[in-house]
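Only one structure is covered here, and it is reproduced in the block below.
Each chain gets a letter, A, B, C and D, in the order it is written, and its residues are counted from 1.
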Amino acid sequence: MKDLARVAISIDKRLMARFDKAMEEKGCTNRSEAIRDLMREALVEREWESGEEVVGTITLVYNHHTRELSDTLNDLQHHFYHSIISNLHVHLDEHNCLEVMVVRGPSSDVRKIADRMIGTRGVVHGKLTMATTGKGLH
Amino acid sequence: MKDLARVAISIDKRLMARFDKAMEEKGCTNRSEAIRDLMREALVEREWESGEEVVGTITLVYNHHTRELSDTLNDLQHHFYHSIISNLHVHLDEHNCLEVMVVRGPSSDVRKIADRMIGTRGVVHGKLTMATTGKGLH
Amino acid sequence: MKDLARVAISIDKRLMARFDKAMEEKGCTNRSEAIRDLMREALVEREWESGEEVVGTITLVYNHHTRELSDTLNDLQHHFYHSIISNLHVHLDEHNCLEVMVVRGPSSDVRKIADRMIGTRGVVHGKLTMATTGKGLH
Amino acid sequence: MKDLARVAISIDKRLMARFDKAMEEKGCTNRSEAIRDLMREALVEREWESGEEVVGTITLVYNHHTRELSDTLNDLQHHFYHSIISNLHVHLDEHNCLEVMVVRGPSSDVRKIADRMIGTRGVVHGKLTMATTGKGLH
């Protein structure tokens, strides 16, 4: 299904050896795969900068006893339901919840949704993680 | 339930005004909350550096047609089942899957699990996100 | 010279204690100063996002034997002389040089200059560091 | 002087095309150079993680009117004179100074020196930038 090309690049032998050694230490023994991984990472960063369609995850930690917080977050999620694909909720202990939302859309929209969620009063920790639709990255 | 203290800090008036304005532009109108958020962020970073118990999310994007990839990831997840609390799987399109795992443990363990998952051949994108158990952050 | 305000914020006692302990471990025993530092950091990030006038440093490592590289970098620096305030050059060994440029201007300009410098063929390592004019941060 | 190897890697044609296009938009038209840059970046990150000898720059912004600050920073610099290669000082305005130090040593030492400098009372902004000795990166 894949349409592979053999690409030749010129690299100093010591640089190549150092790279191979570093990758091996990380448990990655396939040089082509290691190089493709670096290329993909650079492309995903670019997707986010250029405003293309991206996928991101928003991670929130909050105390579900906080008055009205669950309702507020729920309302927000429904407000953005077009962009929020799915949710995972974990009960960390009696008080703390962790929630991960998978969000899809233009990178500026995803950032805006994350800002709103993370800025909601009572959320003790929030993070937006850049991921990708995977298109054109294989 | 909370045991609140009133803490007085001395701040230059212009710095305070600039901070208030910046926070307002981000939609955050509560100064105490904005300052507490910065303190919590610094503490979560420290949890990760000092090897305390943390919670993290591992996000993977991969093509589920890749030979043996789903099996390999599944095996890995069972190998680390003590640390992996829960999983969310999203079908991005005919080929691409996104998977988020919520992982809990000492930060070095969580990093190791993330390295193994992200380094698995066929994973086109992977990221470890630092979150927290929420303990002592309210 | 300073126009100080006493600002009272309400913080949970355990959160305050954890923060004090974490700062103490980093050698910072002044709570007000630690909180002001977090506020300033947030403001500097904002300066860069909002396109205000910023100061940045561009760090380059390169082999000065690389054909025409010193000339190319020199030409580029003169091309941007309005924005580049000053330069520091260190001879790392027989082959390698490190150069730090201090650049001032709207954040988008500073980013563009950094991209051009870092992307110059023969530069083995380059980084843009966000700093600030210091205005309104005291 | 260089000992070049031709290395063949297999890459999906669409991934290659996307990467070429992204690099071209950044002004980088040499594919080998773009890939080598990614490899070097990964290696520099590793140098810092593994505690090897590194070079870093410490950037400080401070008000030189702050009582005893210049003396304190000067004393610190002399205390660490073995590691601090060189300094660049820029007068940003009547009050604000920017100082860049080039520091060399094991990464943990460089981090410690940066923590001390950045944590000095009166420093309004500080950053440690990871650079490299350039050894084995050509």
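Rule of thumb we're sticking to: a contact is a pair of C-beta atoms (placed from the backbone, for glycine too) under 8 Å apart; a residue touches a chain by one contact, two chains touch by 3 or more.
Just so it is clear, the model here is predicted, and its values are computed rather than measured.
Q: Could you work out how many touching-chain steps separate chain B from chain D at minimum?
A: So the least number of steps between the two chains is 2.
Q: Indicate the whole-number Å distance between the mean C-alpha point of chain A and the mean C-alpha point of chain D.
A: Averaging C-alpha atoms per chain gives centres 26 Å apart.
Q: Whole-Å distance, chain C centre to chain D centre, using C-alpha means?
A: Centre-to-centre distance between chain C and chain D: 10 Å.
Q: Report, in whole Å, the distance between the mean C-alpha point of chain A and the mean C-alpha point of chain C.
A: 26
Q: For chain B, what residues touch not just one other chain but two or more?
A: In chain B, the residues touching two or more other chains are 40-41, 137-138.
Q: Once you've mapped the touching chain pairs, tell me: line, ring, star, complete or other?
A: ring
Q: Applying the document's contact rule, which stretches of chain C touch chain D when the two form their complex?
A: Chain C reaches chain D through residues 1, 26-28, 30, 33, 40-41, 44, 55, 57, 59, 61-63, 65, 85-88, 90, 92-93, 95-96, 98, 100, 102, 104, 115-116, 119, 121, 124-125, 127, 129-135, 137-138.
Q: Any idea which chain D residues touch chain A in the complex?
A: Interface residues on the chain D side: 2-16, 18-19, 22, 31-32, 35-36, 38-43, 46, 136-138.
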